[in-house]
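Down below are the structures I want you to see.
Each of the next two complexes has subunit A plus one other chain: subunit B in the first, subunit C in the second.
Let's turn to the complex of A and B:
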């Protein structure tokens, strides 16, 4: 009898031990995904906080609608630290935003907002406390220094010639602690349709340059004017009923912190599998960094550039008027 | 053994030679020829009798086919002038052209008009000139402002 029981028990053990199905998707606490680029030119700061979730198929939205966002009550704060002491603390509150076009797993969405001015060359600490998981994520960054654009300048008397025969070169001074600079333009233009005229603007980012550990105090970089027209052609919608007129363009340089530089460098290298390798968020993933924007407003394009915008092969379908304010003399 | 090695060597050499054989590349360019060009060098230095040179900036530099086209603003090429560069190059077909150079005064108050610029701050002075471009040669012009 005893042997029979032992035999039966051993059989149960053996057969149950032959179970081969393994559930590889094991529920776990979510990971905070944080994006916060402190804007040193703005009194308002934004932070995007979402959470990771497990799924067998990333193209299918999660079953539970709250799977990508933490509760609104999550505590988010940024501290300004000078000489090792916290001199200012700002709390972020969630605000609903209109989402851009594209794939989003849920309709409702919010980002966190706080009103404070960010100082240059100063330590900032980010702290996120997630009540529902008793979890904390944190980070720190040293904000970038101010800098100046020194060419193009004098928009009162200088034009910008946007043609390959003489490409424009940007010159600017060093922004301390910056690792990346993005050069570009903001173009102000009119959209005329029947009796309606709208003033619009478009940011044309042209080139990102990495200067990690640069010792120079003055930088220069030429702009490829063909990219200017190509970007407009790819970005502005073609609408034969709309007539457009270029008014002025602003020269823009944005300097970004070291963390942003590393992150963008990996992204631009096209290393998709390394995309999330760079993070400076402890107990989470993402980026906490800062940026400064400098802009010289109000340049006019040379007349040849305006004609190229109107009739050049890249942008002719965008219906910009030529130097005479018409298209094909009409 | 030696015969075998020899055959193997011949076989490998044949493969190598066949692999290196390439189609004949035509030694003409299909009638495409580079256009002859010459160079214009503009020595755009700033000097002025009454106003410090660091209060005058380069504003414009253009090349046109003739003086009337300068007047109309129909330029062949224009330079993005800067305060960091006083020499500008234009690559042009051989022929006769005109250039136009513009400087602007950035002094405050009435210093610009007192120094001979029309108007005050942002007042401009223009100059123009004729030059010839010859194939493979560099022509230099120096804009002078009255």
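Let's turn to the complex of A and C:
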């Protein structure tokens, strides 16, 4: 009974004597920041994991360089779950990556890589265990379903006409669990400079379409031809010494999962300091979702489109050759 | 006996007290929660270890909790709106079998633990097989796992269950693992694993393993051709060579034997061929793209034998790649065939040398359908006009399955003389005028690059009239715009045909229909609209810059028409140039499902919606009826669906 009274007294102190004010300047708990989009077309998956830190000024790097990344020993796993059972388990391991130019607080940088094939329309669960803080972050998503491009097709015999009087319409079937579709082209071209010829390609994203509550099984969207030329004009560098030749273009549609749809929609809202950023990571922030890509390769542009690429007002400075393979007959 | 009685009385007293406390808390609305489950587990072990002393301990501990709970409730009160307590996982797992040796693969089942969580808030488990403080198995949402202990000894297995917020519980099982003996696991490599009959193959059993014995303690024997008869005696040498005399898929068998005389067999497939990788078959075919009507000509003349340019080569061909050879061992490298099957077809070329060794190459030919003619679709934007009108005709709805629209060549015959007008050749859209009234058949033809063509004919109607006319382009809805002829009467512009606009948005306030829901009627008479279409902004019925005319605007039209405001002159081809069609109506008033859409009046009369109600909220229409000689406004029920004409904003 003596112990009971002591325990009771201690409880009274604990529950009655709490201070309700919070000290906002104490060091924050490390929060995992996760970016992982499962690529259903690839046998290799990547995950980016970093950690947040508190600062009064975002332009000032953290005191400790280590505080933007967790230790390499952090355990990251993805589980495939079918009918409530874990049927496959893959572990991500860190792989070093080259850094872009600019200031980085630490010398090494890495992302996490795992080799496994992602099944469509399947439950996947992400588990991150941070040893040094004995902390778990968790997320789950249903991967998107396969889909098909209905139009354009038959790249061997069909031409793509990219002029304002003939806006090409993409048609595609529904991708289950998808909430976003991105349409675009990949243009393959040659860059000729003196005796050197390089084969290059450029991805031309034309439209992101959100279907968060889609019920239709067939989607279509007309491509604005003007955007095609404008994007090239904004992206390719102007170099008078280079002659370019468009070879073929591939039609591309990417479908992304519901989480990615919500995430990108909020990103597109354009709020520089968006306090309500979408996350589906428990005990962390970030995104865990999936995507699948469909691509019809090898379309040719019509001769009118090639001429427009060569001499149109948007792209004439990019030095593309016209339908005759020359510029201005030279 | 006395002690037992005392204990029983104490237990009864404690149970009664617990029940009373629980009842009091329930009456007060408190949520009862399990506390300090770990302490109860300790108490349970105390009972096992100390007998009745443990029971006394348990009773005292229970009384302690009761007092604590009562004091807390008394001091803090109860909050009925408190959030549910965070889930506390309870660790438990089964091990199957419960005992075993170093050859046993144990199955651990913690599904009852992971089942305590949900997909969004899972309970995860991790495992430490040796209680060495290192978790051998990271957290998983799956509860089933297998493990094998390779060393005999005593193990303490720890399983920890955890929520993602860190609520945890553990369970421990001690198990003794005895020494076991397992048969060897033979495995071998073959080098090369596929080659022709001139090759001596090397077989290496060095991949074999045994859990208890080293490789040099194992013995091996071989069956090279899979005939179930061992071709060698047992030997400690893991490497052996063999050469085959015939091509075949040989199941090669290796048997390994350990010092305990335990044996196992492993079988691998070895492919022995007559392939000669010095032969390089090269094949081309001519047509591209090929169609069903093409005879495909293959040429393997560029095939060669490396380092032996003068080697004599023979050519065999297998259309469909079905092992039925259409041509065998021919001296000629050329071959032609009419495949006649749409889609991709595989053709196998076999190039054989003078030893009978060969190399195959699969060529794929894709045959496209026969070139189909284009589909010509002639559209006249303003079908009726006068001698001053510019008529707009286009072919933009035309298409071709095999060719791009831009590769189609357009031809026009304007005056029905059977000759294609050279000045319009190649144009997909034209503007033309006619100097005299009449009906003019216009024919357009689209020709694809393979000279297949199709034609479409429609009629332009030129009436006697002197009104100013124009064309209205409505780009809403589908890819191709809708065109309307327009006429200026007085100082206002009117459309000369009924509105053809169907909202496609699911969220639209209204939609339209064709008479009898027949698309043919839509093309000629336009659409029928509910009354809501005359005033709704979701969407607006008329194109931008135009609106549904008011009753006053209809009345002003008749005033402006003057002598032409007769029923006859209002009709199609009449001098008013309003070209009224007797489009009929739909009555939506019936509640019967069988007569819900009641259409009437086609070819008999026309009512055009006006955009205003009268003072009592009734709707007005403009009524044209050649049978009853009526041309006036009427008050109508809002249950009707009528055609709409548009008038340009002032």
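Observations, loosely collected:
Criterion: the second predicted complex is superposed on the first by the 290 of 330 C-alpha atoms of A that agree within 3 Å, B and C clash if a C-alpha of one lies under 4 Å from a C-alpha of the other, contacts with A are read in each partner's own complex, and residues count from 1 in each chain.
Following the convention adopted for this analysis, a contact is a pair of C-beta atoms (placed from the backbone, for glycine too) under 8 Å apart; a residue touches a chain by one contact, two chains touch by 3 or more.
Computed from a prediction, not measured in an experiment: that's the story for all the values here.
In the superposed model, A:169 lies in contact with both subunit B and subunit C. Of the two partner chains placed by the overlay, subunit B and subunit C both lie in contact with A:158.
Looking at the shared chain after the overlay, A:136 reaches subunit C, while subunit B stays out of its contact range. With both complexes superposed, C is the one of subunit B and subunit C in contact with more subunit A residues. Look at A:97: by the touch rule set out above, it reaches neither subunit B nor subunit C. By the touch criterion defined above, A:86 lies against subunit C but remains apart from subunit B after alignment on the C-alpha atoms of chain A. Legend: residue contacts after superposition of the two complexes on their common chain; A:302 is shown touching both subunit B and subunit C.
Comparing which residues of subunit A touch subunit B with which touch subunit C, the overlap comprises 154, 156-159, 161, 166-167, 169, 302, 304.
Considering their complex, residues 1, 3-5, 7-8, 11-12, 15-16, 75, 77, 79, 81, 85-86, 89, 91, 123, 125, 127, 129, 134-138, 140, 154, 156-159, 161, 166-167, 169, 222, 282-283, 302, 304 of subunit A touch subunit C.
For subunit B in complex with subunit A, the touching residues are 57-60, 73-75, 77-84, 88, 90-91, 102, 104, 106, 122, 124. Taken in their complex, subunit C has these residues touching subunit A: 63-64, 67-68, 71-72, 75-76, 119-122, 124, 138-142, 144, 162, 164-166, 289, 366, 368, 402-407, 479. Subunit A makes touch with subunit B in their complex at residues 150-154, 156-161, 163, 165-169, 171, 220, 302-304, 323.
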